[in-house]
Amino acid sequence: MAKQLMKGNEAIAEAAIQAGCRHFFGYPITPQNQIPEYMSRRMPQVSGCFLQAESEIAAINMVYGAAGAGARVMTSSSSPGIALKQEGISYIAGARLPAVIVNIVRGGPGLGGIQPAQSDYFQSTRGGGHGDYRTLVLAPASVQEAVELTQEAFDLADIYRIPVIVLGDGMIGQMMEPVEFGKYKKREVPDKEWASTGTEGKRKPNIINSLFIDPDDLEKENIKLMNTYEEIAKNETRAEITNAEDCEILIVAYGTTARIVKNVIKIGEKNGVKIGLIRPITLWPFPSETIAKYASQSSVNSVFSVELSTGQMVDDVKIAVNGVKPVYFYGRTGGVVPLPEEIYENVIKKTGGAK
Amino acid sequence: MAKQLMKGNEAIAEAAIQAGCRHFFGYPITPQNQIPEYMSRRMPQVSGCFLQAESEIAAINMVYGAAGAGARVMTSSSSPGIALKQEGISYIAGARLPAVIVNIVRGGPGLGGIQPAQSDYFQSTRGGGHGDYRTLVLAPASVQEAVELTQEAFDLADIYRIPVIVLGDGMIGQMMEPVEFGKYKKREVPDKEWASTGTEGKRKPNIINSLFIDPDDLEKENIKLMNTYEEIAKNETRAEITNAEDCEILIVAYGTTARIVKNVIKIGEKNGVKIGLIRPITLWPFPSETIAKYASQSSVNSVFSVELSTGQMVDDVKIAVNGVKPVYFYGRTGGVVPLPEEIYENVIKKTGGAK
Amino acid sequence: MTEKIIIAGFGGQGVMSLGQMIAYSGMTEGREVSWLPSYGPEMRGGTANCQVIVSDEPIAAPIISEADTVIAMNLPSLDKFEPRVKKGGNLFINSSLIERKANRDDINVHYIKANETAVELGNSKVAGMVVMGAYIKTTNVVKAETIIESLKKVLGEKKLDLIPINEKAVEEGSRQV
Amino acid sequence: MTEKIIIAGFGGQGVMSLGQMIAYSGMTEGREVSWLPSYGPEMRGGTANCQVIVSDEPIAAPIISEADTVIAMNLPSLDKFEPRVKKGGNLFINSSLIERKANRDDINVHYIKANETAVELGNSKVAGMVVMGAYIKTTNVVKAETIIESLKKVLGEKKLDLIPINEKAVEEGSRQV
Amino acid sequence: MATVFKRTEMLVDVPQHYCPGCTHGIAHRLVAESLDELGVGGRSVGVAPVGCAVFAYNYFNCDMHEAAHGRAPAVATGIKRVLPDNIVFTYQGDGDLASIGTAEIVHAAARNENITVIFINNAIYGMTGGQMAPTTLPNQVTTTSPYGRDASHCGMPLKISEMLSTLDGTYYIERAALNTVKNIKNAKKAVKKAFQNQVENKGFSLVELLSTCPTNWGMTPIEALKWVDDNMIPYYPLGVYKDRGEGELK
Amino acid sequence: MATVFKRTEMLVDVPQHYCPGCTHGIAHRLVAESLDELGVGGRSVGVAPVGCAVFAYNYFNCDMHEAAHGRAPAVATGIKRVLPDNIVFTYQGDGDLASIGTAEIVHAAARNENITVIFINNAIYGMTGGQMAPTTLPNQVTTTSPYGRDASHCGMPLKISEMLSTLDGTYYIERAALNTVKNIKNAKKAVKKAFQNQVENKGFSLVELLSTCPTNWGMTPIEALKWVDDNMIPYYPLGVYKDRGEGELK
Amino acid sequence: MARVIVDENRCKGCGLCTTVCPKEIMQLDKTAINIKGYHPSRCIDMDKCIGCAFCATICPDVCITVEK
Amino acid sequence: MARVIVDENRCKGCGLCTTVCPKEIMQLDKTAINIKGYHPSRCIDMDKCIGCAFCATICPDVCITVEK
């Protein structure tokens, strides 16, 4: 297919449709409005259903219903709206339903602002809702990648019966870049025998449920979930590695920030400092082993987590590095996007000037 | 005051009233119903206001309003209800309002179960809502402590203008123990000059707000919050240390689980294994330094996080231990409460039998 | 001294307040105590139970893995909790409602005709107090007087006239062991 | 080759589509491109801007710290973005609406009478295309033909009659540098 | 001899967990019979609430979802939009529907979602132990209105059928009661009609059923039936509130 | 010469961020004047919504809260319960009040909270760029109903004043419009009355104001005023819907 | 002639059926206890039964079958 | 005799005041641009003003003062 110049938000929406998503339930919020807006135009064209819900809570529960009925279904929102969906996401996880949730993150807390941020990392990777559950979290760094990860998100959701979060930010959502559809190869997904489509009198009722009043039953369910999570961690952990072989400083950054760090690498080159980048593509499962491996290279003097937050992913980086190297953090917040020069300076300052 | 035999939930409610809380907004959910029920009886007696909100979301937003109007205010719920409050808590944090939120945790995810669990640790300690914020999290391990921490929660909230979570579970909430009121010494708290009580034409309007549309402004707010959080971490981090001097195995456990671990220590004693316990009383700020200090004793061969979850606090334990000792996890979920013998066996098994 | 008691039965048999009375009495006699109920909607059908600890030392955990005493007011409770009595401990069986005998022989088993005795005394609701009488007679954990005092608290001013029959129930129960 | 452009002006001046046309043209000419808008309600009053990068290499980040080119369609935009032009870069100033001169002397400044020219051409809406003409003439980032092709995409079938006047605007603009 | 009355097969053959005499069981039967009689059981998908009816998914012999508290109408919307030819219903209590789920029911109604809603109004939160519901009557004692519901403090009870009837979207709304044989028979007709409407693609149909909670009302089951007559029906009059097939009523 | 009209001091003397011709500004003025005229500005606490009026906290010269989207009535309840002698009001858009905040407004009304609610119905989500609101008219084009609102897909618009009037709790509900001088004068009376009621402890008062959004309607401000007459008022008739002081009307 | 059959072990002894029988022939059997621990309802005089099914209509646990 | 005073720099040139003036004396001044970039509204014939304040009533930005 030919390249198109597309906004991230619209590309994500189109990718969903190309992945066979025919049901979208959403509620307006900046900076993700182009997703529902695109869906409202496109869904009728493909005999799909776009429905603007009365709230984010209604939207996520419509997703629960549609997913339970066997559909490929998506919702999208931004930070405060995603916070409202936490109970619903916990239910989706508990009932083992596949669903795709897009979060185009903005600055917080509270009403905060609308500029790019990465301050929902904790919420996304640790289940902001209640209980022991995880969502698979995919963090694209380009519009093209947003397309492919969105397509894959539907497959992953179906394969593991898990809610998958596509975590972008205002920059990813609002920027235009060339995209090519049709690059993603659909993965094999199992039939949805568990879906509630009517028994037709031919089988026992299918029940979509997360209630297990007997602790032993609930524990069994939790263990099932844990096993799935372990399987996912084994199969689906992904990171992009740039310049990390024998680097002096290892930076871990994802999404928007990782793009900026690529410029930091160049500045380093100019100054004779070898900077490596590990860009987690899956935030959960987190590429701990990859980070541990590169961090333990003798060339590395320190590891940096660079984020648009006051420091969230840095927890995972610390756990991964496990004390073998000092771990530092640099971040900007509130929608302020740091410049490569600024990051470079701060990295050099903290590590004591490298060379 | 004489000792009384009281249920944890009721004791928490009475403690709030004794701390000057005169406004409570809540919504029923097991296993915390005795809190609103007690409030509904007691508040009219002290000219306070108990109001059953239409939902947890309404309740937390009533708390926002009442806190902004300068009141000492509380709400309580259990896991799914707390998930629904996440946006509201993020707003309270963002607007720098003091409030006390009780979470009597039950098993999840989804509707889950109603028995004791500690699977909301992530949500509580990392802000299950959106944005960079923290809540002060107090985890009592007895009814007496629940009383004192609840009383202190109001002071802490006022001192730091922060939402404070009292994190219990079904066991803490439902059990009866003797309690003595009046043991807690009120801390000094600042006047609420920022509260919206009407200008009386005498001052500029006070605005309770978390919106900062300019990223630079929002970043400044985030930095203010961060500074407060650092101050809290410096002043208020608390843990109880039992038997940890020269122990072989160091267990970290909080709340209900910590009580059980005290029996594990005794089993260890019988078997000639010295087991130490660090019980974080503040889950956030987390007592990392204390843990690091005891973990690095040469006597310690391994550190354990024991939780009623699939492993949440263990992240913080790992970060604290920072690779100086191996960190293991043991947990039960879904409302299953492990027996001391069971914990002991598992600890011994993982550490290779100690002696 | 540490005494760990599990009391279990149907929802309506008053097992919760039996436990509370023991805990309350323990407290007034200067001991450390804890009381932990089962809770939730399953109580509607199944069994309710509570775990009580009375001790001279601070109580580590309020849950009981091995009980010094189990009081089983109905059959499902006996089935569930008989294995939890520690060796040499006490098992009180409400033989009015439970036909089977205890399976274990390494514990002290007491059969109490709680309901029959209560009905004989003229109030079926005091069945629990009959077992209570047997229990405190056997274990001496708290004094009978303290139990009666705590009952006064439970009943409140208005129902003080129920005290005598409860006292009798305790007495009758103590005779059955 | 990497060209980084910031285009800024009032909400209604069409700065967003100017940027999109450059990006689109870059793409059709086989380059890597990115376009990043400012967004949000503040656009209502203040300035809108977009950042465009056209490059032969993959684009690391779509945000521009130092711009090769800044196009300032109104005064607040000039104030804000003049410092962001890199040494030796280009600054296009819409002198129809901006009275002041550039403050810097280490860059190439081009004053374009965008609005006047557009009005003279008979359609005040083509002011942006006048600057576009000046811009592509100066930098040769993309060809004028490609810009016009991309404009056809933007306008759609129905408004193809607007192409000639836009072509003229580009031409006129190219004459002003 | 012919069978005059027997248990419908649309009820799973298991004992239900409801308290003795709780009329939730009757409501279940009416729903199950309606599905059966309309022959739509095989293509039905029900949504259970959070409330005493939470285990309804074990009782109806059709596919079921357990929804988050109050969100059943949203869940049902999701299902119905995916399976427009299936019969989708929610079964919700008054805490679930009239309190936490107010927005969801109002908007499902406003959208004229072609679903059937069975609304059990028992003037209390049964499941959680008898707290005040939005439908609790003035002066009624509950565990969170221990001195009786004080209307000056927390308002008068919500009349859901009346309120939803004002929405253009709603197709059919009726209030019935489960406390006498006659009322139950009317309730059955209403429930069946609410499903029939869906079969005919008429749109949003809701039946409010006045129900008992002997346990939390602190009454015997028999007293509870009478309490419905004496206290609930006067405040919540029975009847058809809206029937777009018939024009508006009442 | 006497001053016939001048800016009230209850409006902070700063320019407002609204688009040219947006009638949000008029609504602000009516509120501010009412507070002024009743002499309650010094003891007022307002609650701003999330919506175009989000910055209302910068415009009213009294203490203010910025509430989460849709939750202003809950926030106001919290404030009022703490400060019963203060005058507490919310100012909310139709997305805020009629969509995400449905439960909060219904229950504040049902409780007869003694607060004043100013409800700006502009048939659209202004702030976020013109998406469909629950009050968007049939066939109206918005960014999420690009082919026009299809009532068979997403229902007919919600009539909030009509719906809330059925609640026993509501004391006073009126719908007015901001599109002509005459309508504005009526609107002013309604707004003032809604505050007066609160001063007199009468209870929940809500004024729905039909307002314009020239930007997202894609019209000039002048066309927008006319669109209110031609399209909104026919669907949303003006008038008093409830006045417990006068008995029920309409 | 009609007949009612009560599924005695499913009966919860709520007594509702006893209040609606026009023939007053449904009664809780206080001498019996079913597996759930309730006094089950029984028809004490089957001959009088007219098969009106009122009892079945009000039984929340659907434990009554009526034949005629 | 009446007088209207427009706070010209606050005016957004929306034109609403121009449609309601019974004397049709309020007009946008297309020749002027205020600091916000709008054509401000002006009274073109103050003598005709009757001080009805219609213009002020409809002005969303409250930039009109009326004296009489």
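Chains here go by letter, A, B, C, D, E, F, G and H, matching the order in which they are written, and residues are numbered from 1 within each.
Keep in mind that, in the parts below, contacts are C-beta pairs under 8 Å (C-beta built on N, C-alpha and C of every residue); 3 or more make two chains touch, one makes a residue touch a chain.
These numbers were taken from a predicted model, which means no experiment stands behind them.
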| item | value |
| --- | --- |
| Shortest contact path, subunit A to subunit G, counted in steps | 2 |
| Leading chain pair when contacts are tallied as C-beta pairs | A-B |
| Whole-Å gap separating subunit A and subunit D, where each centre is the average of the chain's CA atoms | 34 |
| Separation of subunit C from subunit D, taking each centre as the mean of its C-alpha atoms, in whole Å | 86 |
| Subunit B and subunit D: spacing of chain centres that average the CA atoms, whole Å | 55 |
| Length of the line joining the C-alpha centres of subunit C and subunit F, rounded to whole Å | 62 |
| Numbers and ranges of subunit F residues touching at least 2 other chains | 19, 54, 66, 68, 99-100, 102-103, 106-107, 127, 134, 154 |
| Multi-chain contact residues (two or more partners), subunit B | 30, 51, 54-55, 57, 80, 87, 91, 95, 110-111, 114-115, 209-211, 213-214 |
| Overlap residues in subunit C, where contacts from two or more other chains coincide | 40-41, 45 |
| Touch list for subunit F against partner subunit B, complex | 12, 41-45, 47, 54-55, 57-58, 60-68, 71, 74-83, 86, 103-104, 106-107 |
| Residues of subunit E defined as touching subunit G within the complex | 1-7, 11, 15-16, 18-26, 28-29, 180-181, 184-185, 214, 220-222, 225 |
| Interfacial residue positions of subunit G with respect to subunit E in the complex | 1-3, 10, 12-16, 19-20, 36, 38, 51, 53-54, 56-62, 64-68 |
| Residue ranges of subunit D touching subunit A (in the complex, touch as defined) | 20, 23-24, 27, 32-37, 39-41, 59-63, 65 |
| Contact footprint of subunit E on subunit F as seen in their complex | 99-103, 106-107, 110-113, 134, 151-152, 154-159, 162-163, 165-169 |
